[in-house]
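A, B, C and D are the chain letters, set down in written order, and residue numbers restart from 1 in every chain.
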């Protein structure tokens, strides 16, 4: 019954020789020199804090930056106005980097190391996607120069992927075939630690279930009404009963997004928003049918009508140990984040709001986690990419160790040098790994072999969100 | 929204002249003389305390008694082994008396005026049906002798009706057409007071809803199970939600009759037993559809299967003020119950377990309630008879005033002289009213006119329990 | 168990002689002449459509109008910025008129006879309080002139009462003792028919129950979270179970006003808004304790914390047949609403959106309902006044017959001549009745006697909303 | 969040040399010769199929057998009439064997290879405890003779442990200190396969939660009643909500053991029976507090009263790899079960009712599972022993491969030679391992060292069922 993340044994293999080709030093030097520029791009996106599918300025800034460096830009891909593909070079291999840039709603914070709302803002980069976008862009530009300088063959692509937070931007891009010819994808994510572990996540699917009843004066003629909220509550009850009869690794959670307007009127509309997750997409689809049945049963039993709209859906991440090993070697080469006195003072101040020991913050930020397979319980639209192309994800310490994502602490540190230093660790590691892939065809082939073995030969990709159009206004 | 029991105005009319025809005195004298015999029959049935459809001895004793007095007995009518029709005379009018004789399960009590279980008994006459059956039989025999003595034309019938308590015996007898040619029906019921009020009740329908799931070890593989108890609980929740959206006079109540066997096994069977009531059968049928929908929705939402068995169904009682007036006049003629010193001592002792003032027990037992329309919230299978034939129901004080039905106090007093004295008040009043009906064709016609007016010309009887077979083993 | 509204038999009494004192004709003439002015005031308030406790312009306009006619104005009474008392004259008797003026949120409609939203408005007079306020003001001014012209002794008061819709403005005014010395209160309400019936309502109490849990990532660490929404749903379930065990005339209804923000976060806050009603305040208070217990039990059972804020509370209306008879006589004197051809054309057009027969609209608007006691199932803060002072309420047809309150049809017709004609019927009837009270001390005494008889001598007023401060920002 | 069963690395160690001491051959020969006798004892217990704490005959038969072989019998230990300790020898080490003998209620089956109820029986050995008891007894007697023959020092104990199925017999024996001086415990369990894996289980605690309300006629006066069933259902709802907020390895399941008696009476009593489990007893205790809070909250919210009785409680099994290795070596020495033609025909016939491949039944029965740590999700009172004494458990194939415990197939095969052959595999392996322990002090010390390391030095045993008295009549 327990889902087991199976290592294919590669973790016990030797690390690839991590000797730097002489020319890769130039790439690192380039990033070192340009750090302030890329930090400035990240800061600009941090300031904007644009929400999913509304990241016009943020996406535009990255596109301009890349275009100015000679990348060919294809904007508005996959029907997503803020998605883009920036390309350099030609031929094989095709190596992709991913860049996110959307912020989160309902949170406001300055860069101060204590809770301080910014009265002018209702959204913020609490998941560090401003660093994500700027860091990947930095890596892409560094690799592009290295390719030119060294006459490297192949195609480099930077995918600008909007609306990761609940918008599943990458899923529409995968569905549109934008990754069909890619050989490997490298991605990173802001974090409070440095790691290159191959990890997986839970596949996730969400929908808004909408119940419609019959309105009536709740005191004068309740018997003529049918409460849509009854439908929602009956569904929730049956979903809670269903928990016992789901595999224990499943996750299901909901909020009531519309629960009636005034007590003296029987609600004729109510809405509940569900997420359902499981390590395996196939199992998730079966559980989903059962969740829909709770909604249908609730409608039948309460005399209401129900329809639902799938909001988003992400596959789990398919790990790739081959790529992870390569990334791990390069991360070790680059090293973790080094705090200066100012960073450390800031980190200590902020750490007062966190649980745990604040003494070894500098050491923690510099540490690199040992390799091991991880089963994460979150979800990301990187998942869908990973079932199309061998993909690996790096994490770099852009937040004070101990910080959880989606907190004000993540917003705050992400707006300081702590954030941009972590971002550069990521940019360097990504750039080095991309360079490895361009130079080592056997590495690409090994990653492909592992990919096919894990995924299965007869796998057929199906977006969990089906054929719905992108919810371009889900954050309006 | 409020159901209103509408008087047709007859209550304001004059009482019929209550002068006794000389020959009716003989009838009363007969009953006075034979009181001990009929009390003995009641006692025998009280001792047996046979449950619904299992009243072989009780029904047999009444049949023997009636046969010995020259009644023709048709036994086992309507597919009910313990139902019978005892007839005397021929031609019109056809006047029916009803006799019940079933006891209640789960209660045990001696005739003591304090709580005292009878260790040998698991059922008891907590609703006084032993008096009901014996009293109606006494009335029938008295009328039969009066008919012979006075050369009265017409047909007298005593209906032995089993399983009133949840078995709906009379409904099967109505459905079988046994009341099709009857002109008027007289019935009485044991009570703690004397009254001839026209009253109505709630129509009532019941069913057992059975859910079937999938069994599994609840710790090792709960995800493979589907709990039938989830189905029951989801139905109950939605039914409780439905309460808000039902007319306020409705009543709905349930018990869980099977809730799984062992906690470590996911229950593959569970059962809930519902009653649903409303003053009007037509409205009840609509509410019933909604209740069934809660069960269907619950099954769908919990991955279980559901079927249900209608257990019983009673129409409301259609009151008849014309007959009630006639009965009321005779009840006044007979007078209420008179306690002797022994009765009073017993009543005072028993009354210690009741709320209220024990001082005026003798006066309360003797009092006759003034006429008024009553909306009762209980239900009885007399209801179905009342939509076929003009029917009125008398109550006589067979229990210590303040006693509720279905209590040990009702069992106790029903086994003493208090019970049999009340029974004789009923027998006399019923006999006198039957005699009125045999002698006064206009009274019969007036009752019929009112009946048609209340019921509506185009009424078509449909048993609420549908075409199910009698549940002859529902008490086994 | 059934609540019965008991008539004291006065309804069978003779109508008071309705001969008009000659001088009252002048009062009616005055209102006839000034109709356009008062209609203009109503229109201005209709346009503003200000919400509860925010009716600055509307209340100000009425105050100005009354001040200009010589009334003394006390503004901002009872801690309510938009409440006022306008007084004229001195000594006894003290006769009060009530004037409301708040609009309803969430509805927008022009004066067109078909559904037509006004894009500039998010609130509207869907309950006709613009007419209510202007009509009562008209009556007050007419009476004031008549008092002066005829040298009438006594004090006339117009109470400007804000926030009837959920704000319970009058309750704070009663609590502040503003009605302590008043002899009788007259009030009216816009309607789709003309009636002076003595009526009662349900006592009502509301609160927002707020649950606080522990937030956590719903997929990564649900076991560390405690869902506040679980608290809300558990409370609702137990409240729904409680329905079975409440007197059937009770009413209980709720909406979920905060049901969590994002599915992937365990909600640490959730809120549900309840109304609870019963014909009797004392019974309501007992039911309220049980409702609070469901909230407490839900918090305990779900590991959350709960507090609640009482939002509003209204007593039932205590009817006064004496005053109702006087009002009824005057309403008959004045007559119902007379539609001209234009009104009728409008009414027919609007009636297409209503159920029922549109043929006799003119006749229906002109008709006056026969007197009878009414048990309404709604609630109003007039209730609290009625337990302090003998009070009666008139209804006049300001809406097309068949229109329900709180609908766009009520907004629309209320903005036309149909509305202002109905308003003048009310103003005239109120003015005549006030004049009766000033002239007939026995009428005042009779109303007082009935009042004391119905209320009980030892009644002690207690606001159902307790000692809370007015929720002045409940509509912000 | 994921509970991990941590191997201490011993599994990678070498198997102990499994060379048989010459004298152990005699022990195996003895068991071979006496097979029919012990099979007969098992059959006798199978026939009796006595339920928990009522195993008078079964326990008595084992006691007689052991006494006849020179064991000293202490009967009725720990306040349990059917528990006993049979001892042989003296001094150290003290080696214990466990013997169970209780049957399961609600199941009836003959020894036929198809579903065939035995009309005379309402209980059966569906978990094979007849073999368990007889097999351990056989082992004990064989070891006893070997000790005598070879002059072996030490104390051999056979614990007769009643009521494993829900009665937690061993917990009372542990609580009474009966295992305080034991060095190692060997136990086995009937199964459909042969294995000596170190395994753990879930700690488990159960209780019956009893709600008391107020009875009332459900149609006439529901508002005066308080439904005890409401209490049960509200508790269940909140428990189902709690599932989301429990560690995923937890297990919680319930059945409603009393759900009201008749729909027309508001239930004044209702009962629900819960099991709650978690791999760690300490975590279980915390979850238990939360479960109790759901019951308390349900009582408060439904106006009912609640108390609960803890029924049973078992610690998880603490595995011991040292002992498991020794057992594994001996199991391999003995070999699995060998079917003859008759057995195989029977197995094939029975296997028709099982899922899976019936072809390799003989091979499957003979196979021995490779060693690995196992996290079982069931529970057993062996758990409490294992936190007092180093304990290991063997499984032997007494059922046709593919058979689940608690099924008719387990009853059936357990009544044939298939059952007794598996039992002898167990008896031989247990005897050999006991002999190892008597001869190898280092093995005993190594087991002790591992035990202390796993358990922790400062562990203090506390029975999960608290200080309740044994529920000696829980199966009556």
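Worth pointing out:
To be clear about the criterion, a residue touches a chain if its C-beta (ideal position, glycine included) is under 8 Å from a C-beta of that chain, and two chains touch if they have at least 3 such contacts.
This structure is a prediction, so every number in the text was calculated from the model and none was measured.
Chains that touch both subunit C and subunit D are the following: A, B.
Put simply, the chain farthest from subunit B by mean CA position is A. One finds 47 Å separating the Cα centroids of subunit A and subunit D. Rounded to whole angstrom, the centroid-to-centroid distance between subunit A and subunit B, based on C-alpha atoms, equals 70 Å. Taking the mean of the C-alpha atoms as each chain's centre, subunit B and subunit D sit 54 Å apart. Of all residues in subunit D, those that touch two or more other chains are 1, 218, 221-222, 233, 237, 241, 244, 248, 253, 266, 377.
Touching subunit A in their complex are the following residues of subunit D: 1-2, 237, 240-241, 243-244, 248-249, 252-253, 375, 377. Within the complex formed with subunit C, the subunit A residues making contact are 106, 166, 202, 204, 206, 217-222, 229, 233, 236-237, 251, 253-267, 270, 272-275, 277, 376-379, 404, 406.
Residue ranges on subunit C touching subunit D, taken from their complex, read 1, 218, 220-227, 230, 233-235, 237-238, 241-242, 244-248, 266, 290, 293-303.
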